[in-house]
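Both of the next two complexes hold subunit A, though its partner changes from subunit B to subunit C.
For the complex of A and B:
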């Protein structure tokens, strides 16, 4: 039971990171990056590549693997974050603020291009990114969990907390919230709205890339692993409320818990329960548990 | 200070503004009067760059029609928009800080400005840490004006500051505007409450169906029978009596 809760919170915190990414782009641009899953997968492989290149360049034991892993996480976040900018310019900017949903296709298309490019570099196969603190199983009473689960939990919560604080306490956070609420009023404050939107995509893509490196040691990394993670992250955002960053985080944890507690009983029912939950929540609260309706001014 | 020449704004097939020309001189209060849908807000949105517009907008002798809204704000054009549009999910103080966005490299200057506007609107100081959405209509309007002033404008544009406010509070706001002008601010004021706007304005334009139909000195327009009939109703007669 405890084991399932820890496992659920671990995956849930990753869904929460992805959901937060959806929240960032949705509130600032009213669009979503449906290539998010590909950013997760490719982020994981950028992490793998970074570890490989550094090991080859420095020798196997020059620095501890913990540091290599940390560098890989930073590299993945940076690389995916930077890739978020062309995504914004090519797939979002031409369509943001206009009626229609062209951005759905354009972001999916961007994801396909990204995935295809990655496939041509890394191929179809799944790979294992070793966990920074090894694969030993710790026992607490009946429960056993892996070090990586704690790494993911601690890091994800730290990042979620830092984001929450930044949105509330920093000038950039104030600007983001201003743009999210009212773009025209934000522009009248002298805020460069397109730049804030680009930053939202940068942050959201960086979160996806980082998530990829975080989960790669738990699941095995393939270029197809991101899709389901992003889908759960999206579900988390829908359940918690796309407009509410804390709601998105809560939604992620909830989905992770439901998934892993259901698996105690029947592994096949995991996904079914998750999406039943989505349908149930939407039936009762169409804007999610903590969301509100955004009125789009034309 | 501001010259608008032949400005047109269209929303799809609908032409909201048809070749409007106005001028606002330094230190003036200019009122823009018109019924709902006459194109007042479109004109203001064209001037501030919030909607694409055809025509020329010159500010301080410099063409600004090719600039983005933030660039125009940086040159000194500020607007308290229609319906106030304050950031309702942030505190009063945070709203004012957002107004200081362009001066963010000079925190002391922002702090000094905030103190100045708390002195101008003591109610805002009382509500400093309150979420702006919980303010009364009048307080929200004060915040919208203070927030616009935080950008250190040369020209302050106000879109229907009296909207939804009790007459006594509107009078209060208008007194503040007169005070701002005394200190050198140039003001472009859009109002449906024509009488009060004309009372504090130097000059005025009347907008109808997207075009200027009348312009002149405010006192003269106030006496103009066409204005009295169309925009003042019995209101002016009542006040004059």
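For the complex of A and C:
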């Protein structure tokens, strides 16, 4: 049981990071980045590439070098964050605020381009990113854990907490919340709305890239791994409430736990239970457990 | 008059020379034309995944093997005096694309034979087209049992590769013979590959009178199988037969380590794909025992082929994919030579009754196929293998040494 809970919270915290990314773009631009999964996968490979280049250049062993992993995580977050800007400019800005759903296809298309380019660089196979604190199993009673599970759990919670704080206490966070609340009023108050929107995409893409590096030592990096993580992250945002960042985080943890605890009973029912939960929550609370009803002025 | 006569006299040899020249030119043209006709290449093709899924690794290596065979055959004069022209079509691992490729190759390119595919699902998607259009297909990679099961009207699919049913037969023959295997559990993916494997395992286990103490399933994207393994452990399974692709198999052994549960693990050739050692890591990758068609190179010809294509392989331990593909071309070429024709019906008939042994990379094929048997390799041809120091090597033990043909129930 302990093993299932820790495992569930670990993956759940990654879903929460992705859900937070969906929340950021949705509240500021009313659009979603459906290429989020590809940013996760490519981010993992950017991290892997960074570790590879640094270990080759320094002749060092990646395992045990925490700072190498930290650099890889920063590189992935930066690279994916920067890629979030062309995504915003090419796939979102032309359609944001306009009727229609063109951004759905344009973001999916951006993801396909990203994945195809990455495939030509890194190929098809799965690769393991060395865990910074080693790959040994340590035991608590009957349960066994790897250090990376705790690293993910601690880092993800720290990032989620920092984001929550930043959104409430910093100027850019307040600007984002203002744009999320009322774009026109925010503009009248002197906030550069397009810049805030671009920042939202940058932050959301950076979170996806960082998530890729966090889970790569657990899941193994593959250019196909991001799709399901992003789908679960999106489900987490829907369950928690797309408009509420804390709700998104809670939704991620809830999905991770449901998945893991269902597997204890029957692994085949895991996905069924997750999406039954999504349907059940939506039936009872259409705006998610912590979401609020959006009032659209016409 | 004299002048005329002189002219006439002078013209006659000129005409004769012109006629002779024209005749010679015509003869040269005719000869050249005949030579050109004789030298028209025979188009052969690979239709399989070389970029779209993790299995594409075996497709890429298969293409290298076929390319090498084509090069060798062309060096020795081609087939029926005609050079081979090799076309490659990527099906991206998608059945609709595979079907489109197949019809294009048959109807537009007019190929004489198709090799591949990489994925079983794609072979099953287009095998009816090959049979209807009488197109010989030599499968060098896909392993689903049903691929070579054809209609009574004519089965055009032959295989030189692993066969799921044969792998299940070999693995369970070992388990049955092993006195240390008291309780066996089956672990399979929820994909078509895993489900078909489970069906074969259950049927063959029944032939042996074996009943698994645990049957567990997992999604191919799963990375933590501790819950399923806990159940197998609680059921007392000391031996697991696993049907999974490379990466999930890697995650399975990592989950075993988390539980400190290390039953004997027997599995399919998927363990030789690079995804398995990559995920499992250098220590855990040495745990499972699996089957390949050639663990280690054992001939000068294989060494020579490896020297040519080995440097292009990201995972040299999958050289078997090149060997099998190479052999499919040799077998088709031998059949076409025997038939004296490249037409589908003639080649199929010749493949079913090859009158000379064909020395291939995996083995020497002595009457490998018949009208009812389209598998070039069977359980007895497989190599028991395991990873050791980063390479796939032969696995040997007393149980294996004691296996008899009668043990392979299927």
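The criterion applied here is as follows: the second predicted complex is superposed on the first by the 292 of 298 C-alpha atoms of A that agree within 3 Å, B and C clash if a C-alpha of one lies under 4 Å from a C-alpha of the other, contacts with A are read in each partner's own complex, and residues count from 1 in each chain.
Everything below uses one rule, namely that contacts are C-beta pairs under 8 Å (C-beta built on N, C-alpha and C of every residue); 3 or more make two chains touch, one makes a residue touch a chain.
Bear in mind that the values here come from a model prediction, so they are computed numbers and not experimental data.
**Student:** When the two structures are superposed on subunit A, do subunit B and subunit C clash or fit side by side?
**Tutor:** Taken together on subunit A, subunit C would fit alongside subunit B, as the superposition shows.
**Student:** Please work out whether A:230 is in contact with subunit B alone, subunit C alone, both, or neither, and reply first, second, both or neither.
**Tutor:** Touch partners of A:230: none, neither subunit B nor subunit C.
**Student:** Which touches a greater number of subunit A residues, subunit B or subunit C?
**Tutor:** C
**Student:** Where does A:171 make contact in the superposed view: on subunit B (first), on subunit C (second), on both, or on neither?
**Tutor:** first
**Student:** Now for A:7: first (subunit B), second (subunit C), both, or neither, which partner does it touch?
**Tutor:** Touch status of A:7: second partner only.
**Student:** Which holds for A:242: it touches subunit B only (first), subunit C only (second), both, or neither?
**Tutor:** Once the two structures are laid over each other on A, A:242 reaches no partner at all.
**Student:** Quick check on the superposed pair: does A:219 touch subunit B, subunit C, both, or neither? Answer first, second, both or neither.
**Tutor:** Only subunit C is touched by A:219; subunit B is not.
**Student:** Which partner does A:185 reach: the first (subunit B), the second (subunit C), both, or neither?
**Tutor:** A:185 sits against subunit B, while subunit C stays out of touch.
**Student:** In the combined three-chain superposition, what is the angle centred on subunit A between subunit B and subunit C, taking C-alpha centres, to the nearest 10 degrees?
**Tutor:** Vertex subunit A, arms to subunit B and subunit C: 140 degrees.
**Student:** Answer with first, second, both or neither: which of subunit B and subunit C does A:119 touch in the superposed model?
**Tutor:** So A:119 only meets subunit C here.
**Student:** Shortest C-alpha to C-alpha distance from subunit B to subunit C once the two structures are superposed, in angstrom?
**Tutor:** 41
**Student:** What residues on subunit C touch subunit A, complex-wise?
**Tutor:** Per the touch definition, subunit C meets subunit A at residues 51, 53-54, 56-57, 190, 216-219, 221-228, 230, 246-247, 250-251, 257-260, 274-275, 278-279, 281, 314.
**Student:** Which residues of subunit A touch subunit C in their complex?
**Tutor:** It is residues 3-4, 7, 119, 123-128, 135, 137, 139, 143-146, 218-220, 222, 224-225, 228, 260, 263-264, 267-268, 270-271 of subunit A that touch subunit C.
**Student:** How about subunit B: which of its residues touch subunit A in the complex?
**Tutor:** These residues of subunit B touch subunit A: 48-50, 68-70, 73-74, 78-79, 81, 85-90, 94, 97-99, 101-102, 104, 147-148, 150-151.
**Student:** Under the definition above, what is the set of subunit A residues touching subunit B in their complex?
**Tutor:** Contact set of subunit A toward subunit B: 171, 174-175, 177-178, 181-182, 184-193.
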